[in-house]
Amino acid sequence: MIYITRREHFNAAHRVFREDYTDEENLRVFGKCSNPNWHGHNYVLYVTVAGSVDAANGFVMDLKLLGEIINLHIIEKLDHKNINLEVDFMQGKLASAENIAIGIWNQLEPLIAQNNAKLHCVKLCETENNYVEYFGEHKNN
Amino acid sequence: MIYITRREHFNAAHRVFREDYTDEENLRVFGKCSNPNWHGHNYVLYVTVAGSVDAANGFVMDLKLLGEIINLHIIEKLDHKNINLEVDFMQGKLASAENIAIGIWNQLEPLIAQNNAKLHCVKLCETENNYVEYFGEHKNN
Amino acid sequence: MIYITRREHFNAAHRVFREDYTDEENLRVFGKCSNPNWHGHNYVLYVTVAGSVDAANGFVMDLKLLGEIINLHIIEKLDHKNINLEVDFMQGKLASAENIAIGIWNQLEPLIAQNNAKLHCVKLCETENNYVEYFGEHKNN
Amino acid sequence: MIYITRREHFNAAHRVFREDYTDEENLRVFGKCSNPNWHGHNYVLYVTVAGSVDAANGFVMDLKLLGEIINLHIIEKLDHKNINLEVDFMQGKLASAENIAIGIWNQLEPLIAQNNAKLHCVKLCETENNYVEYFGEHKNN
Amino acid sequence: MIYITRREHFNAAHRVFREDYTDEENLRVFGKCSNPNWHGHNYVLYVTVAGSVDAANGFVMDLKLLGEIINLHIIEKLDHKNINLEVDFMQGKLASAENIAIGIWNQLEPLIAQNNAKLHCVKLCETENNYVEYFGEHKNN
Amino acid sequence: MIYITRREHFNAAHRVFREDYTDEENLRVFGKCSNPNWHGHNYVLYVTVAGSVDAANGFVMDLKLLGEIINLHIIEKLDHKNINLEVDFMQGKLASAENIAIGIWNQLEPLIAQNNAKLHCVKLCETENNYVEYFGEHKNN
């Protein structure tokens, strides 16, 4: 087993809030992140894939292909978008970094499995100081 | 003359667009940055101040004071905000990085002059790959 | 299980040495780090907490609260301090990065447990080139 | 158990290709990385070692010694070299990041074991966007 | 006047040497950089353009267009290439960072002038520790 | 004219204070930086040298030589040292970043002039958020 990681970026707006709360309640629970007029981030995404090295090409998985899968199914949907309003796999969910990372995992996991590799980790950095890592449902690291 | 620089951050939503354009025209001119549902960035701000070293304390200007001025007059207004809708000094302006940097300069310049120092440069990084520097009206570097 | 990480900083002086050694013995064993007049670092601290996502707010643990706990119990005690002379939880210990990381773990672990989350990792970077990770006594990763 | 990591750098040329392929076949399979005239990288290497803290000096392993081992056995062989033509432990192997990381592991693992510590991870960054991690044959993390 | 900067990357092989020197003389003058089997770098390129803000769009110059010019005329020619053997504008020149930066300036300067902006600086980083800045022939900063 | 920059590091302890002040007065004027038990930083130093490209080797100045000069005359004196107590060129001066940068300039300027190049800038970063730049007495940039 060896692990390869691809880094990608997207810039998006979001708001962390509950529709059943007033703006005041949202402000108390979610702080500045609940601003009704949105705010945004330069998200940095690390996708780690595990597998064995293919003797024919020296790769776990062609990183160009991995990059294309991430761009087509994740970056295209998130970059320069409003995560609450425009991203299909986030509809009906709180737009916390935790939920975005799980949403990205659920998109990528079957696509990477089709390429004889295994998604190992989705790491999503919201700022330089805060990030989230998800290893899937059956993994406690 | 010696130059000191303080780095600060803010996360905000914006949209680059003209009200007198249709969404299609905005998309053609401003690309993905014109998304009507907003997008956002982790902006990084560098404020450079020039002066001579005060023999009494070894400082050009107390960096704690400089940090307080930037936080009170810039970060408080921009952080977790929508630049187009909520920032007083950006009203009626296109929310390009260029105009945000000039707006920040105009806020900070008189405040720093009151402390016997001179604002030298406002550098605003929108992403790791794009940034803007402004040295004021009378300066061509 | 999902993992969230908060980054914090502190600047401190330290010296790695044994009181029962002469300065020459300390120099031989600990190198430049044993300088009797101290030296210092910009330490970077990453605290990783594990838990499940709370459906009510989308969080593993409120990062604002996590930041406050780290600041109150770790950063306040270490920042702009002399680790050997002034930090209560380092008294009587060699001020190596390993021991500082373990000391931070011991401070934070019960406080995070009180908030229904689990401390997963303390990562302490002494320089860009050297860092230490501690996952607790019962964990071999 | 606690983990310490040392970062080192090397700049090298490489080419990812198979001798039994034509240049056209190599281009199709390996893309721009198969350029017959070579290309190169600033590789960043992180070596993580696991062990318990030695009460006598507060260290898992003296980082100065770890740095010397890495420099003598890895950096000296790779820095400002052509990985395909000049590196003994890469002879006859495809010069992918995966295979370079495994090659480095195989060099370092016995040397670190001689010092009563255990090699835990070799992380090799080829660019800011791509990296590989290897934890040894018997480890699936 | 305001300054905008675009960051781009390329990975390339090079060798710093003189054809009229023996390998020994090259080694003495150019050190490890003269390795006859090449070595390489992840070069980071910053292109800074100066101009006034266009009131119609808030830009000094459309960064998307600037990115396209840099990619078409610089990155395409240098990325995954051998700078000594394959880059037209470096033929007959020593492949030092200084000469590569000047070569990039000479390529870009007329192209940016055609877009009503002025090339201000080419900054080329060979490693994290070494970089070169060129402001053109008539500029002493 | 072209500009080359070399980055170096040192870790040191310091205290910003006046001997003619009480600890209370020092605390009021210099804040946490006046801690009598010292604190420290990972200082990052950028030395920029200006010159023309030597046609014989493609260099403004041999970066290896520049690195040796900086290491011998600056890093050796500052690394793992107490700036107030142990650094000859800082004796009798307030150990602010401004004064350290000026001190480094005064050490390096004649040494670089002996090598037919011109010291252009000393940039000293005390933390990720604070840095100082000095261009010499006769230069206002």
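Per-chain numbering from 1; labels A, B, C, D, E and F assigned in written order.
Just so we're on the same page, contacts are C-beta pairs under 8 Å (C-beta built on N, C-alpha and C of every residue); 3 or more make two chains touch, one makes a residue touch a chain.
These figures come from a predicted structure and were not determined experimentally.
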Chain of greatest Cα-centre distance to chain F:
A
Taking all residue numbers at the chain C/chain D interface, are over half used by both copies (same) or under half (different)?
different
Which chain's mean C-alpha position is the greatest distance from chain C's?
E
For the pair chain C and chain E, the C-alpha centroid-to-centroid distance in angstrom is 42
Can you compute the centre-to-centre distance for chain A and chain C, using the mean CA position of each chain? Integer Å is fine.
28
Cα centroid separation, chain A vs chain E, in Å, comes to 34
Where chain F touches two or more other chains at once, the residues are 128, 141
Pairwise, the chains that touch are A-B, A-C, A-D, B-E, B-F, C-D, C-F, D-E, E-F
So in the complex, which bits of chain A are touching chain B?
9, 11-14, 32-33, 35, 37-42, 79-82, 85-86, 127-128
Contact residues on chain B for chain E in the complex?
16, 18, 29-31, 93-99, 101-102, 128-135, 139-141
For the complex, which residues does chain D have touching chain C?
1-8, 48, 50, 53, 57-60, 63-64, 120, 141
